[in-house]
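Both complexes below contain chain A, partnered by chain B and then by chain C.
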Partner chain A sequence: MDTLFSQLSTLGSSVILLFGITLLWRKSLRAYTDAFRWQSAALTVMFLIIGYFGNDPELYVVAVFLFILKVLILPRYLERMEQRFGDQRESQPYVNIVTSLMLSGLLVLLAYVVTRPLVLVSDLPTRGGLPLAMGLIFVGLFVVITRKKALTQIVGFLVMENGIALLAVLGTFGIPIIVELGVFLDVLMGFLVMQVFVYHIHSTFESIDVDQMNKLKH
Partner chain B sequence: MMSNLFFIMLFFFGFGALTALIFPRGLPARALPAIGAGIGSGAGFALGVSHLFILHPSSFILSSFLPLTGFALRLDGLGAFFLIVIGLVGVSASIYGFGYSAAYEGRYSLRVMGVMLNILLLTLNLQVMADNALTFLILWEAMSLSAYWLVLTESDQPGTVRAASWYLAMTHAGFAALVAMFFLLSGGELTTSFADMRSTSALLSPLTRDAIFLLALFGFGAKAGIVPLHIWLPMAHPVAPSHVSALMSGVVIKMGIYGIVRVALDLLGGGPVWWGGIILGVGAVSALLGVLYALMEHDLKRLLAYHSVENIGIILIGVGAGLIFHSYGMMTLAALGFIGGLYHTINHASFKGLLFLGAGSVLHATGTRNMEEMGGLIKKMPYTALFFLIGAAAISALPPLNGFASEWLVFQALLGGFNLPVPEVALIMPVAVGMLALTSGLAAACFVKAFGITFLALPRSHEAEHAHESPLSMRIGMGLLALACIGLGLAPFVVVPVIGGVLNGLGGLPDTRAAFTSNLSLQTPAAFGQMSSTLVMLGLLILLAVIPLVMKILRVNKNLRVSDTWGCGRVGQTPRMEYTATSFAEPLRRVFAELYRPSKELTIDFHPDSKYFVQSIEYKSEITPLFERLLYDPFLRLVQSTARQVRKLQAGSLHLYLAYVTVILILLLLAARWF
Partner chain C sequence: MTGYLLEFSQALLALLLAPMLAGFVRWVKARLQNRRGAPIWQPYFELAKLFGKDVVMSNNASWLFRVAPYIVFASALAVTFLIPLIAAPLPFDNIGDLLVVVYLLLLGTFFLALAGLDTGTAFGGMGSSREMTVAAIAEPTIALSIFSLALGAGSTNLSHIVVATLTNPGVALSPGHLLAFAAIFIVSLAETGRLPVDNPSTHLELTMIHEAMILEYSGRYLALIEWASWLKLTIFFALLANLFVPWGLATALTPAALAIAVVTLILKLAILGVVVAVVETRIAKLRLFRVPELLGMSFVLALLAVTSSFLLK
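Up next is the complex of A and B:
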């Protein structure tokens, strides 16, 4: 039983990480939104698996909220913004696709290095997924740093947030539900604020390229 | 009764600050905060007096006051003495401020001024009662910040913001040193009471004690304005409203003296000879350089600010000499040095407060601080002139005024130096005597200039010609301090035993009240000095009466002729022919050229037809600000170039900032992995 649980958790984490890496080799915003939606769906499944094997019915509730927020609401908003700004392609990222993929491989490797002490002392059945979750956080950060469009950065941020949620659920089998709900609210608020900023950036610079903001420096 | 006085003081400062908040303008906005500040200061003064004269020597403890906050207040003799100093200037400045701030109506915020004045006075009064490091530091910072706001009052005038920033920077550099100092002294526990520090400080290693002393000297020195940390005084004092200048110069910088005496003598209980030596040296240099720079000033308030540097120097000469004697166990002479220093502290507070108030009246009447545009004011504003003259005579140490009494004591302490067992140390003393003597002489010359150019001769400008006497409240403020100058000068036989009592027990000093005989003449224990201001005063009065009488008898006035002063036979003298402040100071500028390094620029515009006819002459001369150039400019350049390097990190790119965050995160994770 335990082996099935640990295999499932490693598999699920890998799938979630793969959706994160998708961001690095796709260019259109629609692909990003889809990747985020699928990733969130996988994360929901992950919560259900851990809730089932860990005998924690609270996680089912969290999974429902997660599904509503990250599979239904946020991708919907992203699509709406996308329609408004037209087809925005990440044509010239700071780091090109090939290098990005190699660097993300290095980042996942780094995640294995930094989580190694934790994995060694841990006897959790889900410990195999911890480095992958950490790697997802790094990949999300990497997307935020190297991609120019504001929308891409938002997706990068959401992916990173997914990584944190995954790490939390793998490492603790579910934090108290009230905290979990608070985090969801934070994500929603953060997203709405970023949305407002994107609209402002667009109306000021006629573009949602964040590097335009260099002009603000005097 | 004493705790009543204490709460009256708190109440009225609170009242003053609150009414300033409530009334933004008009008569109540000037009167009520002034009343609060005045009565509050008066209560503080009464508290000090009743402690020293009535309930001495029991100490008044307020540690039960707000017990949970870590605040501890306790009044002892030294604190009570400083309460008197604060109260004296505080009352006068508050009364004066009522009239003076009328000109601020509608131009500057009376609200900020009223609130901050009350907070400043309150923190000053509490400062000298602080009984642990936490209380001391919090009050110190509150005092510095409220003074900063007051300096900023006329923030639209050129230079004000810059001056206030300099003040803030210097005072905070000092504050940092003080925090470090108290951490060392209290062993990291800031709520340790001063009483515990007194008993544990002897157990600290000599190196720690030296570090504490040096940090204290830097921290308190920055506040007191010792050379080379004096740089903010001549900037910040002139731009503040004049009653605030009086408070800052008279009282705020004295907190530096209070701190040095409190820490070096009381908490540390004295130290090796070089502690006293370094204070003496710093004091002598400050005194001499302060007066030398003052001589070159034509801005009346800047001149006074440089004189504050000088007088802080004189005070520190006394304190330094006291510490030297203390380290050799010569307690009576040590007490003499400290008494001289503290006596000069209250004297300087009264006459410098008076002079700043006088300068404020002149500024009020003429609208300028430039002495070259004044002149002849004695006829327009006789009271101000009289009060300013009293202050000028006092600061020049002319008997029978108070400056003379305290400088005499400092001299006596230095002359007692021949008793020192180590000749190398004993040799310092005559050098200090020489520097102090030179300082006193130059100070007198400087005030001949300040008074003469400002008040005598013909008006040099339209404004001076139409000057007017200041309102009654301002004259009362000045009058109070003038009375203090005379009283403190005539009664050293009262003041000296009181200060002796204040010092009794601090750092093991003995009770010296018996050593100084309390009759009309003041005798020092070394027994070769004796003076009586009162007798000098009588002698002067007799002379004043006798001279006209003798002249009358000898019929000297028989051929009386009325004519222009220094007329030289010319007809139609104009103010342009008068002696100027620049020309008065010119000989000294040449003598001390090595220090001033004056730059000279002479442009003569000849008539095109003949060079024997001159159309205009332009003469410009500036002295080199040595400390700014040699000490502060390189430091500022270093800070700025570092800041420019750091600024490169701020490239303005969002991605770069995010990358910083990521890199730091990864480095931290790696660090956690390996360490």
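Up next is the complex of A and C:
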């Protein structure tokens, strides 16, 4: 039972990480949104698995909220913004695609190194997924740093948030539901604030390429 | 003695099945595109036709051009002796492990690229340079992903890997295995010249890779090269099927077990053939400079596979 649980959790974490890495390979915002939606769906399943094996019914409730927020609402908003701004392709990121893929591999290796002490002392059945969740946080941060469009950076931020949620649920089998709800609210607020920013950037520069913001210096 | 008989019958089986597999993929693709399609045994007729024809060769062709088809064919044929196709511990296991398999495949690619350069045509050189670009990223990916299996089994011997998976079936669902499967699947498409990387059914100058290298070949040489490339397709499919889903392979040399093994092998090849045909119908060819990105993705998958099977041991 325990081996099945640990295998499922490691497998689920790998799938979630893979959707994160897919971001680095794709270019159009639509592909970014799709990858985020699938990743959130996989994260929901992960919450359900941990809720089932860890005997914590609260996680089912969290999974429902997560599904509504990250699979239904946020991707919907992203699609609406994409329709408004036209097809925003990430055609010239700061780091090209092959290099970012290789670097993401290295980032995951780094995550393994960083979490090694934790994994060695832990006796959780889910410990195999911890490095992968940490790797997903790194990959999300990498997307935020190296992509130029404001919208793709937002998706990077959301993916990073997914990584934190995954790390939390793997490491603690569910934090108190009130904290979880607070986090969801924060994500939603953060997203809405960023959305306002994007609209402002677009109306000022006629583009959501954050490279343009360098003009403010002169 | 039975062991050697088994080895030869396995190689013969691969040799005879290979054209049928290529014909099957073509047929499924045709059906998916609402065409009637040639019968699946069409490639046998093609081989017979090509073997019956004379060879036309450029005056500038050197001995390299003449030996390359034999080397390409022989290296592919040699691999069929080394990989577990129908039975798991093979008598030739001690001759070569996965590294030998990977480099035998690369040997064929290398000589094909040399032959493409040999006659000095523009297309040949272009094809060779593209093939080498693809091979340079694809080969380490195969080696890495098989290494991730080898780490789990504790041996680089292909039969040992298969037996280890058979004795401990839970391993087949570990992330290392699944990531390695995805990596090898992408690489097999690239190595066998299938769609997102190369289109096997067209001779369009701008995009062809494999076809560009063999443009100068005719007659029995062309037949050997075509047969070798179908054999390569069979080898990759068999590796995918038997390394990751080894059930059905004969572990004892009884006639019943071997019969089951042959049937399941054909079944697995057919399933993979349908998958490849569907993939080829659904997606368009990638632009050439996006191919390294796709292969880079599969390399990362293989790297993650190795990491997770190494660190989760």
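General remarks:
Basically, the second predicted complex is superposed on the first by the 217 of 218 C-alpha atoms of A that agree within 3 Å, B and C clash if a C-alpha of one lies under 4 Å from a C-alpha of the other, contacts with A are read in each partner's own complex, and residues count from 1 in each chain.
Rule of thumb we're sticking to: a residue touches a chain if its C-beta (ideal position, glycine included) is under 8 Å from a C-beta of that chain, and two chains touch if they have at least 3 such contacts.
From a predicted model like this one, the values you see are computed outputs, not experimental measurements.
In the superposed model, A:196 lies in contact with neither chain B nor chain C.
By the touch criterion defined above, A:211 lies against chain B but remains apart from chain C after alignment on the C-alpha atoms of chain A.
Touch criterion met: A:114 reaches chain B, while chain C stays clear of it. Judged by the touch definition given at the top, the superposed model places A:179 against neither chain B nor chain C.
Contacts of A:144 after superposition: chain B is touched, whereas chain C is not reached. When chain B and chain C are set side by side, the one touching more residues of chain A is C.
Once chain A of one complex is fitted onto chain A of the other, the partner contacts of A:94 are limited to chain B, with no touch recorded for chain C. Counting contacts by the rule stated earlier, residues 116 of chain A appear in both its interface with chain B and its interface with chain C. Residue ranges of chain A in contact with chain B, taken from their complex: 94, 110, 113-114, 116-117, 138, 141-142, 144-146, 148, 210-211, 213-214, 216-217. Against chain C, the residues of chain A that register as touching in their complex are 3, 7, 10-11, 13-14, 17-18, 21, 25, 97-98, 101-102, 104-105, 108-109, 112, 116, 119, 128, 131-132.
Only residues 650-655, 658-659, 661-662, 665-666, 669-670, 672-673 of chain B touch chain A when the two sit together in their complex.
Contact residues of chain C toward chain A in the complex are 170, 173-175, 178-179, 292-294, 296-297, 299-301, 303-304, 307-308, 311-312.
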